[in-house]
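What follows is a single structure, written as structure tokens, with notes after it.
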Amino acid sequence: MNLVIGALVFWGAAWWVNLRIANGRGRDTRAARLAVPVLFGLTLLVLWEGLVRGLNVPGVILPPPSAIATRFAASLPILWVDFVQTFVKGALSGYVIGCGAAVATAIIIDRSPFLQRGLLPVGNFIAALPVIGIAPILVMWFGFDWQSKAAVVVVMVFFPMLVNTVQGLAASTAMQRDLMQTYSANYWQTLLKLRLPAAMPFVFNGLKISTTLALIGAIVAEFFGSPIKGMGFRISTEVGRLSLDMVWAEIAVAALAGSAFYGLVAAIEKGVTFWHPSQRG
Amino acid sequence: MTEPVITAEKLDLTFQTNDGPVQALRDVNLTINKGDFVSFIGPSGCGKTTFLRVIAALEHPTGGHITVNGMTPDEARQSRAYGYVFQAAGLYPWRTIAGNIKLPLEIMGFPKAEQEERVKNVLQLVDLEGFGKKYPWQLSGGMQQRASIARALAFDADILLMDEPFGALDEIVRDHLNEQLLALWARTQKTIGFVTHSIPEAVYLSTKIVVMSPRPGRIADVIESPLPRERPLEIRDTPEFIAVAHRVREGLRAGHSYD
Amino acid sequence: ADDLTLQLKWVTQAQFAGYYVALDKGFYEEEDLDVTIKPGGPDIAPTQVVAGGGADVVIDWMPSALAAREKGLPLVNIAQPFKSSGMMLTCRKDTGITSPADFPGKTLGVWFYGNEYPFLSWMSTLGLSTEGGDDGVTVLKQGFNVDPILQGQADCVSTMTYNEYWQIIDAGLSADDLVTFKYEDQGVATLEDGLYVLEDKLADPAEVDKLVRFVRASMKGWKYAEAHPDEAAEIVLENDETGAQTEMHQKRMMGEIAKLTAGSNGTLDPADYERTVATLMAGGSDPVISKTPEGAWTHAITDAALN
Amino acid sequence: MNRILPVLTVVVALIVLWYLGAVAMNAQWTRDQAARAGQELSFTGIVADTLSQDRPKLPAPHQVAAELWQTTVQKSITSKRSLVYHGWVTLSATLLGFAIGTGAGILLAVGIVHNRAMDMSVMPWAIASQTIPILAIAPMIIVVLNSIGIQGVLPKAIISAYLSFFPVVVGMVKGLRSPDAMQLDLLKTYGASGGETFRKLRLPSSMPYLFTSLKVGIAASLVGAIVGELPTGAVRGLGARLLSGSYYGQTVQIWAALIAAAALAAALVGVVGLIQRATLKRMGMER
Amino acid sequence: MTEPVITAEKLDLTFQTNDGPVQALRDVNLTINKGDFVSFIGPSGCGKTTFLRVIAALEHPTGGHITVNGMTPDEARQSRAYGYVFQAAGLYPWRTIAGNIKLPLEIMGFPKAEQEERVKNVLQLVDLEGFGKKYPWQLSGGMQQRASIARALAFDADILLMDEPFGALDEIVRDHLNEQLLALWARTQKTIGFVTHSIPEAVYLSTKIVVMSPRPGRIADVIESPLPRERPLEIRDTPEFIAVAHRVREGLRAGHSYD
């Protein structure tokens, strides 16, 4: 009980500190912007630890963060192997193929409003197919190794990416396009020098959404058959073995990798679309 | 000096919209000579922009006839006859000022060295030396508008078409740019078509003022300016200036409804 | 009536006919029990459900129960309706496999999620690495169905005599196209579907009484099912809420299941238990359980229920 | 109206591709079977067989259509074999989860907009929370909720709420922040309170954003409900159909359930779209 | 008629920005009397908007002293002293014209019946009877701007502050609204603070013209207009008008850099 109360007190104290920082003078500094969420995350962990220990929740239901951290540190080689299998081979390759194909498709159908009008609603329909249904099918088609995981990722990211790119290609203003016309610019010149750069904020929007989809898709696909490595494989087998600490260690890897991936794409976005008002701040 | 560059005869243009046809231009007849500075003035929706776009082959008339340098507007465009300046500067935010000015040069396939050369020249012409490496949003509105004029000048088009280029600027900056534009026109001897809402601006700049009236867009009056080509800002307080301004205002008032 | 929740190891099918028969025929009611049967599935670990208090009794395989016990979850076997193991490895004949000696270099499909222990024990008895390579076997985590062998992605897949084997047959391969290796025959059989509860339940006389009544009614259900396989299959079908099971498949499954339950009256045979433990501990460098379990089973319930 | 023809064209093209794919992917099995039986098959024989297999690698469209027809129209809707019945089960969890997720999302967004500390601390973690594979933790959520006595549709709804709250938070924060400085200043010159600013300015301005994210959210909710069905024994609902089709290699059943799920998603998004148009029209924001 | 409504003494205002402090106002001294129509004119960035915002208590000076009706601006705001009109009409698109005008009335807690009454009155005042049920986007720009003036008038504030209210409109519509604004001012005897970029507009409307110059924002000149209160549009062609305009232009030119 003391632990529970302790955790709650910590929570209150941390919240107070956060309020002070957030409303204080240095609130726009980089340090404050880092400290506040970190402190908040820390609070969540302390609360979790305190509740699990204080209420004697069995470790086979929900292990405390400390146990997860211990397990994490002890299992680095396995976690690494799983990470490579799922993230690098499955998610990343699927992400690149899926996003690349979507951009290419968007450019191809860009010249045909007819195709766009037809393809986008159908695309939205296909995008609504639940992964859990698609994954077993693709595992059956593409085998057990990372190829089928990449295929699932391709299917998941393709349509959000396509929709965003098509929207982006339409984002240049009529005036900007007219300007190109007064120069008698041809289709490719207009595409390269105007419409693609103007589309970048939208393209990156799609790329950002796709980062989380990619990782989740790759992990979920492993539930439906895999070699005996990979994050999804580990999660599903270790639940059955009641090694919940290992499961959470993998989830932590997923969350870290996913957030880092998102952060990386967001950073590239900042570099590429530096000119966009939303990036100029 | 009086050879015609643009001749429009019985020009009609009707847009097909969802709410039925909109007649934007009706029976427009006009001749613009080489070296003219022609202003178009008229209430909103009277077809000023549309007429400029027809000249630049961005719209095609549904009736009548127009020639530019003896060619059709489309052919004239192919031969790079137009520099077009829009109301908003419309610089591409992902290119530097120099990059923006280079844009038409790249498209028209000028050699790299010449591109640099021309960028340098026009930057000087519009008083923006040293700003080539800046991005558009780092410049004030007036500077952006000058850059967009530089962009239109860079490839030496015969005809400069400007659609309310200074509409978004404050009056002082506007006065200043007007002076500069006159100087530039004097130096380059270009033919200029200029759309504006401001009576003093039209009178101050033009050799010929075309007053238009709406619904459908027609030419209500064409005023040949009696003012000399040399025009200090003070000319605006002279009786000749005020007389011309008065005639323009009368022409406008005639065809105007207030909403 | 006393409430009792039973968590199955897998989806509603004839594998669990005894319990559905007992429910349907009112055997539980006669014992003054109100039993809820929760179907399982690929995402359900019975051990975790019982740990979370979601069920009073769970059906699980002994390897997984013992492994959980070593993890600190005190599961106790209170009855063992299944005498023999139905697990086997089914291979395509055209892969050239005729005996376990042909396994090296082959790809084998295995169920995980707590069902992998018998296989791992067998491989370590054979001295085969599961990391692939020429003198080991490549292991795939087999999904829910037998597609890998049909699509040729695996040379062998795990099957149960009563279920997946027949799915392969139904899919169009004939028994002649297949080679099967029963765990029973390979001497690595481990006990399957047993009834498990948490240790602390056994300290409470009222709970013990409930369990006694439950086991008695369940075994009555099993014996009824063995005697009337077709009726039992119908009852299972009625209880299948997914509506995905077919009559033909369930009747055939019931026939196969009857063979596995035949030798048991519900009492755990300590010899079977010892054999299971020995198999699990034999696992070379990485055994499934590392020390002999204590108190992992009891006859207290079956003794009271069946005598 | 001018959308129908293009969509039809694309659908027809897709179906043609689908048939070709079915023939190509199922042919291997047909040939193997023939070889095993020692038969020679003509080309038409192969094509005919590939389009009528029991467990095809890729079922032909007409097989899926037939299955859909049988399991929707020809079955009583209370039957366990009726997709309508399973669809309803999923739908109820979806709607409950959507309601919870939307409510939580809006509250969180209000908190974020009005409290800097919340803004700075919650947003990064909300993003991180979406990188956790829900399918992995769904079983644990179910077990944990079970251990504190929560059963039935609620656990499913909570998983579905988890997926739908994020788009709502993001959209709503954007929406509540959409009024520009001038609009806010206007209310200041009237001496309006924070509550009045919220009711009269922020809330109405956020509506278009809210609806856009509700469309994303309800589709996510459906996915969540389907995911949530798996660890509860997968006995009822479209998720159960998908999974039991998968257990038994019933590809036709999987595809039928998949199409049904996508159709349900499309219908839900469509309904939200209709509500959006009606609401915005009443508010005068739809032109 | 000469009691002071607004007095500013030695007003300073410095913004703290990421690039260091920006001094927007420096040593501003000004008295505005009841019933005055005061225009503020000056190049972009000279602090016109900032000064108006200080009066309305939307910004707080970092130095000096300002009183409104003898109170601080904050107190004056609490007592509903201000009607503020922004450059864009800024009507809420989800409210009808009447609903928009009602907005301040709702917030200030006027009884329902009186709200309707007042809406009716101000709609009449700005010539928009019959448009109450329309949505803003169903009206032209000029009509929207009139509605936003009606909104500021509805609750009978003493002081009307207008920040470039007609900046986005074309000259003819603008002339028309200027006439209407003068009529309205004559009828209501309000004190008006008006920011503009247009010299003719400032001269045409004001009893007092404040010319400002930038970096930091200071008052360069305060011109008391010699024009009568009755002002037909034609007054703009009179020598008095041209003289005042000239003085304003000179004042502007002095402090201007062209970017």
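Note that the chains take the letters A, B, C, D and E in the order they are written out, and that residue 1 is the start of every chain.
Going forward, a contact is a pair of C-beta atoms (placed from the backbone, for glycine too) under 8 Å apart; a residue touches a chain by one contact, two chains touch by 3 or more.
What you see is a predicted model, and the numbers here were worked out from it, not measured in a lab.
The chains in contact with chain B and with chain C alike are A. Of all chain pairs, the one linked by the largest number of contacting C-beta pairs is A-D.
Each chain gets a centre from the mean of its Cα atoms; the one farthest from the centre of chain B is C. Between the CA-based centres of chain B and chain D the separation comes to 53 Å, rounded to the whole angstrom. Put simply, the C-alpha centre of chain C and that of chain D have 35 angstrom between them.
Note: centroid distance chain A to chain E, computed from Cα atoms, is 50 Å.
If each chain is reduced to the centroid of its CA atoms, chain A and chain D end up 18 Å from each other.
Among the residues of chain A, those in touch with two or more other chains are 61, 136, 140, 223-224, 236, 239.
In chain C, the positions touching at least two other chains are 42, 45, 48, 51-52, 143-144, 147, 151. Listed for chain D are residues 57, 139-140, 143-144, 147, 230, 243, 246, each touching two or more other chains. The set of touching chain pairs reads A-B, A-C, A-D, B-E, C-D, D-E, using the touch definition from the header.
Against chain E, the residues of chain B that register as touching in their complex are 43-44, 139-143, 170-173, 176, 197-199, 237, 242, 246, 252-253, 256, 258-259. Across the complex, chain C is touched by residues 58-61, 136, 139-140, 143-144, 222-228, 233, 236-237, 239-243 of chain A. Residues of chain B that touch chain A in their complex: 53, 56-58, 77-78, 80, 82-84, 86, 88, 90, 92-94, 103-104, 106-108, 135, 137. Here chain D touches chain A in the complex through residues 2-3, 5-11, 14, 25, 57-58, 115-117, 119-125, 127-137, 139-140, 143-144, 147, 219, 222-223, 226-227, 230, 238-239, 242-243, 246, 251, 254-255, 257-258, 261-263, 265-266, 269, going by the rule given at the top. Touching chain C in their complex are the following residues of chain D: 29, 33, 36, 54-55, 57, 79-82, 138-140, 143-144, 146-147, 230-231, 233-236, 240-241, 243-250, 253.
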